[in-house]
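Structures follow.
In the two complexes that follow, chain A is the common piece, with chain B as its partner first and chain C second.
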Partner chain A sequence: MTAQRSALLWMLASQSLMLAPHGSRMPLWMLCGCLAMGAFTLARIQGYVRLPSKWVAVASVFMGWGLLWREYGSPMVVEFWVDLLLFMYTAKLLELTSKRDVSQIMLLSFFVAMTHFLFDESMWQTIVTFSGLVMVMATLIALHSSSTQTQGRQPLKLAGIAFLQALPLLVILFVFFPRLSPFWTIPLEKGAAFTGLNDRLMLGDIHSLVQSDELAFRVNFTSAPPASRDLYWRTLVLSAVSEGGWVVGSPPRPTPSIKFGAEGATIDYELLSQPMRVPFIPSLDRVLSVEGTSVRLDPLGFVRSASVLQTVSQYKMRSGLNAVNGAELSKAERAAYLALPLRTNPLARTFGASLAEDYQTPDAVIHTVLAWYFDEFTYTLNPDASKRDSIDHFLFETKRGFCEHFAASFTWVMRAAGIPARVVLGYQGGAYNPSGNYIEVRQFDAHAWSEVWVQGEGWRRVDPTAFIAPERIERGMGASAAGMDGLMTGEAWDYFQMRSLGWLFDLQLQVQALSHLWDRVIVNYDQTRQMRWLSTVWPDLELEDLAPLALAAFLLGLGVITVGLVAPPFRRGLSREARWYQSYLRCLDGITLDQVGRGAGVARCQEAWGSARPAEAALAQGFVEKFELSLYQEDQSVSPSSVSKALLVLKMRLAWMRLTGRWDHHSQRPKRII
Partner chain B sequence: MNEPIQSVLDGLDAIILGKQREVRLALASLLAGGHLLIEDVPGTGKTTLALALGRVLGLQHRRVQFTVDVLPSDITGSSIYRQSEQTFEFHPGPVFSQILLADEINRAMPKTQSALLEAMEENAVSQDGVTYPLPSPFFVIATQNPVHHSGTYPLPESQLDRFLMTLQMGYPSADAELVLLTSEPARQKVLDQSALSTPEQLLGWQADVRGVKVASAIADYVLRLVRRSREDASFEMGLSPRGGLSLVAASRSWAFLQGRDFVTPEDVQAVFAAVCQHRLRFRSSEDRAGSLHSLTEFLNHVDVVA
Partner chain C sequence: MSMWWLSTKWFQRAGKFRAARFKAWLDRRVPPAQTIQLSHRNIFIVPTLHGFGFVLILLLVLIAGINYQNALAHALAFLMLGLFLVAMLQTHRNLVGLVLSQTRPIQGFVGQKVSVTFQVQSDAGRVHDGLSFFWPNRPIGQGFAVDRNGTTIFRQAIPDHRGWYEPGRLRLETVYPFGLFRAWSWLDFDCRILSYPKPVPCDRWVSQDASTPQAGRRSSLGADEVKALKDFQDGDDQRHIHWRASAKLDRLMVKSYESEQSASPWLRLAGLEMLPMADRLGGLAYLIEAASKRGDAFGLDLYGQQLPVASGSAQERKALKRLALFDWPGH
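Right after this comes the complex of A and B.
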């Protein structure tokens, strides 16, 4: 009874560990249901309550289905199916009576483990999932062994050893197994909780981003990374105004004569992007080429992906920091980049028009506006709530704002003054991680700036924020946030607080570097990378060769393990005789050794074995005779190899006997365990 | 196993009921040419075993009951002045026999004990400058009451070392005791028992025992036991080299009694307690908390095969 009780406790523990990663995602009622089910089973193991009637189980299952349907309303989201699985996984506890039920729950756990990776592929998730799997194996061990072997943490230890032994196979499969694309997909629920840039800019949008310390992307440079002020991560271009905000719009395609000329230095880098809300990938201003799956370079000079990024993805890019583009703007383009809605922000439009009259060249207009910003405006992360004509309100009343305010108003004024202009959304700066030699950009690095058309020069990047709060640009978000003590709230603030603790920050950097490595090497190991890696070892490898190769490697690994199990263990400093003896003792399976003690010779063990399990002991007779002849009689006619052979024969026959015996044992009817 | 040995064992088993292990150990001791000390409370068949051994093996045997006033010359013999020939004539004492049964040896005073033990060691008695050799084979089977009994002189360690084995008879099992109570007295059986072998045969067996093979694996095992006994903090003193030799000798004759011509670790373990319990003394009970409590436990701490 105690053995079975401990197995049940193991089962509850591993089930909780398997459900835990879903805990924060699943609906609250379901979380409560799972906890209640667990508590009920715990009480049942302790003998306080009994199993309710079948109808209670049936009713609660139907109720759960109903609630799930109400929650998602459609079977076309993955969460619905995952939660259904988890619900049934937990509800199985309501009909837990036999050993077989525990086995079933545990086998289902392996399937549940896979669902973890639908939502998170990080290193941490992998660690949690793997420890859950070890617990599941410990449960299976506890379930299938006698009470003497399941004392304390013994099953966990065995499971841990088994897990470590399986690691080489895991590596083989990981490296060689063909990467299959899914046969079908169900989208994740809309509005999945990715934070990030939106494809429109309403005042206040970026401000809410700045509160978040979530990772946006990481970049590895092949050479030294540029200084912070050059790190403008252009993500999308907003060229139209709609309902008081800047939107992507549909600007006319640039005329073919316009092309980006690479003048001066170019820089190569690899960008590993986290899931994004928009189908645009950040790239360093100004991107020249990009490599990666389903991405293309937009004529406007940013990177566009075919669909919204759901997983961590890697891209290889090249940018020219001083790149300029052609000098012609078509009529349609000019019209599009000058368009302003008529009714909103009249003051700003009049102000722009007056500037156009006062100054002749665009340069003068730009400098005047920037100088005005510098003299009269305040950079703050706590701007006042915007009103309807928010640009007028900002320019002529509050004069307190944030990068989005400056970029939006500046572009507006430029258009009003007859200079083609557009807003660019992206990220600025990033933290350099020396442990991993990469730059890490988080959501609080989100930034907005402007691009204005200067005849003869092309699109010029103008960042009004750089004039008002240069430290934001020079040294990154952290510097300006520290300067404005208390202005930032939420996670991002904690992040910067943490950063001021020296050793903790160092540690954090190391962990982040590790996590970055994980994303690059493990999560991103797709078919292309697999083929590239394998072809360095195996130059003419074809994709079709992968499957047989994986199978061969797997079988080879299996063979190594089998040999390891059957062959005498490799132990330094042990004589051949001692190895025979130890190997023989392991055949006894520990049980008879308890009766005879450690100092037992082969003959005594054999006697004890014979009285405990005569059928098995009979198999060992041949070995025992050979062993004694060789060791104690020093009979030269018995060669060491013949003793080894006898031992091997013993092991084989014993393994076969135990296997068949176990089969017989298992085919009996399942017994009730509670 | 050869027939005569088996018949000797059968004969002994018929007299000493339910003590097969002790009987075999005693016989093994004799076959190894070693002396035997039997320890136990009175009335457990110590003397009967000794007498039966002498009888069954067809050896000439004598018995001395030790008391406080037994003098050395009462054991070894004395020179008596013969007036008619005006010479001293040596009258051999009871020690001049093939089996000497020394009953309650620890009741004798140390001087007497040491005279006997000297004879055992030298296999001869020296008197007035003349050395008289003892007969061959020569065994001493001594019995002693447990040391804590009053009026005893405990044998010193150096003298205990001269005995090959120590045996405890122990109480018989219930079945054996029932037979004992209802059948004729054991002493009568001894007297009725005829000799089942001859001294010459015994000498031959002793030669056979010396020919039993001790493989290097066994020698290693004995070495490990001996060395471990010296290192282990449970004992006041470890086994002497003579202790190791005795262990090998006893193992040989045990193997011979099992009908084998080679020694296995089980032989060593079978005789280990008998050979070593009077050579190894555990430290007093208060400082051996957590250490070994029995020789069996000690055996379990030494690798059989290494």
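Right after this comes the complex of A and C.
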């Protein structure tokens, strides 16, 4: 290989850094393959092995393609193309012979960097990717350098400087560059599912969520956030039973009789959702309006997005907090919300029917069931495995469960008792982050509750869990988990352990707040936000003005960088003595300068200055002596630093003298003739 | 990777007209000088192939950012644009402030190597890394790093014609630091190599009388009486070696002819008319060198342009210079 060993080591380091973010996502065999190719190249750089025949490279590339095809089975998945790119990016190592190959790999790194952001746009990912690119630039520097001085960490330093020089242009363009709408839509989908709520409730589904500490969404309220017990984030409504579980179904559209009186209090908030598993966006209570790309309000009172969220997205929402009065339930609706399958859970059905006979009002039925739950049931995150008739099994045998059991069984019993009811899936509560003034909801906040129809009142939220384990609702998931030591496992448990460490938790809160700010301001910087930001500076900015504005700002930035880079050599080209002399000339006042003219010696200047302003010239005496000794006598005892120091003292004393005697000095001073 | 556009067809087809105009423009733009300091006036800069590749990737990243509505992919594209421009400035800056000069005067024979040295040093007080030198149009030094202390580059040129040989401009180029841009400069140090005719071994024949050069035909040589034997020296005709005497004395002896013994010190161009013109001058160069080596005094007569008889190395240089610059209207 013609490239230097150090450049090759830089190359391997930066390539590993560019592959690392994909490491946990890519198939295991591919990760192993990439590591093997990297290790082989390292051994080759050290001189232990030699380049294999060309056929080894060709064979491994074809094998990689084949395996990837088997892995994904379809070219319509983003991961397929990304992994293909990464595989080629690594397999290039098997035919690495010249400097040019190293250059090509490094250029490709910039494209690989883009693929990082397809999967993760967090602040951490950006830091990792950009540091990887600095390493890539360091590799290029080490590759093209021929100096022995640019070894060690020098290339990294130079690359860092170049990065910092490019950064202002990045910022300018990021702020001003007009955001265009997509040129064409790509039918590629992401293969991997995100953790999150499912669009059906099978017993045990939420249990797996409760173990995940992954972020679900974060909310900024314009006013003070409501208390934790009022934060019911409705995400989807399950109205039908199928295969032993609650599903969304297709309930009839509600009659559009919902009225919002003037008395209804509303709350405005901004919700920043992480990628979701289902095309539903959480919203607070009774959502009234939503702003954002491709979302709409479902008639049932929740937010649907056109497709499953792939990236972090932001929505502006408004919700009503008061209950709605005066709504009517149509016949079709009533039938839909009372429907139950005939064969499953017979015990629960007869129990419900008996309740309907015993009690006249829906309120009485609801309270009886809740009281029964309170007396005989246990809230646990570690329930027994359910059998075929899972609701019967839960209600009459184990009596141990958590929100999904309570919500599912409660709704079932209500329908059996002739009260229209439905299950609502969503999140409850959330942690308030004082550093960023927002509420953060994680997957372990996933929750299920019921809504029952009460004539004259409308849909009423009934959360059986709140009766069994009030601390879960009052103080959030952490409280109930802490009370049930050992019941939670995995990441979520670590998360709560972390919370108990004071300062570390505070630090974590700060970092999370920063990360939230990043997602809101940077990741969601789109055309609307851009116009909103820019119009705070230029109030009557039009969309068409953006392009010229961007260009002007860019050229301005480029000019500043160019001057910064190009100008210093000319200034530095002067010798130290010449700089001293020029500094000294700047100390002279106007008349003296006019008298002596350009290029006069220091002695001549001093003489003229002395006759014009003896007081000022006297200050300069110390410097002049040192300067002449150093320049003409080449006196070694006068060090350059002492001359510089004398010059500095002169400047400061002169400035002080001129400042104090400014007014009389000014009045005496004749106008300078230019 | 060097100057790929020079080998493209359209560039070659553009022909001499373009080359002449380009040379005239270059002479105005970067005038010949003994010491040249590189600045924005004499530095040229163009993206390399990899630079164009970088721009292509930049556009792809931007398109991906727009199509996926991905803010950070936008940011990456903008970072790349920033880096591209910074790379341009830094590559340019890598040449700015270099001071180059060349040793002089130089002379040599056609077809023989002539040593030339270049001095390169930095006036900007920083290290200029990854410099390559091409002269004349061939790589003569790759991967130099130059700082304030400077570097000297030794190089040999081979003149290909008699007279003032101009080896062409020195090309100094760099792709440092990122290989995205190539900055270069063509430097003319006003350097001319006085190249003497290539010596052509020939018999020594000197006409006594400039007006009767015909007497000096080679055919008449053999008819001269052999007067004595003398030691073989460079410049003697091998055909005149007296093999029998050489064998006896164990050193090469040549037959010495009457006509040569009594030769005048004049070396005349007119005396070598049986040879082609180039060889005639080459022959004279050979004879001048031989005479100078022997320490003989000689004079030079180039169809009437005469150099008085003298000896010594100054005379040799003067005579060779006359040969180098000899211009005969007849050819």
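What we mean here is this: the second predicted complex is superposed on the first by the 534 of 674 C-alpha atoms of A that agree within 3 Å, B and C clash if a C-alpha of one lies under 4 Å from a C-alpha of the other, contacts with A are read in each partner's own complex, and residues count from 1 in each chain.
To be clear about the criterion, a residue touches a chain if its C-beta (ideal position, glycine included) is under 8 Å from a C-beta of that chain, and two chains touch if they have at least 3 such contacts.
Being a predicted model, the structure only gives us computed values, none of them experimental.
Look at A:523: by the touch rule set out above, it reaches chain C but stays clear of chain B. In the superposed model, A:133 makes contact with chain C only, not with chain B.
In the superposition on chain A, contact is made by A:141 with chain C only, not with chain B. Contacts of A:631 after superposition on the shared chain: chain B is touched, whereas chain C is not.
Among chain B and chain C, the chain that touches a larger number of residues in chain A is C. When the two complexes are superposed on chain A, none of the residues of chain A touches both chain B and chain C. Those residues of chain C whose C-beta lies close enough to touch chain A in the complex are 1, 40, 50, 53-54, 57-58, 60-61, 63-76, 78-83, 85-87, 89-90, 92-93, 96-97, 123-127, 129-131, 142-145, 175-179.
By the touch rule above, chain B contacts chain A in their complex via residues 213, 215-218, 261-266, 269, 296, 299-306. Chain A contributes residues 574-575, 577-578, 580-581, 597-604, 628, 631-634 to its touches with chain B in the complex. By the touch criterion given at the top, residues 100, 103-104, 107-108, 110-111, 113-114, 117-118, 121, 125-126, 129-130, 133, 137, 140-141, 143-150, 158, 162-163, 165-170, 173-174, 177, 179-186, 311, 522-526, 558, 561-562, 565-566, 569, 572-573 of chain A touch chain C in their complex.
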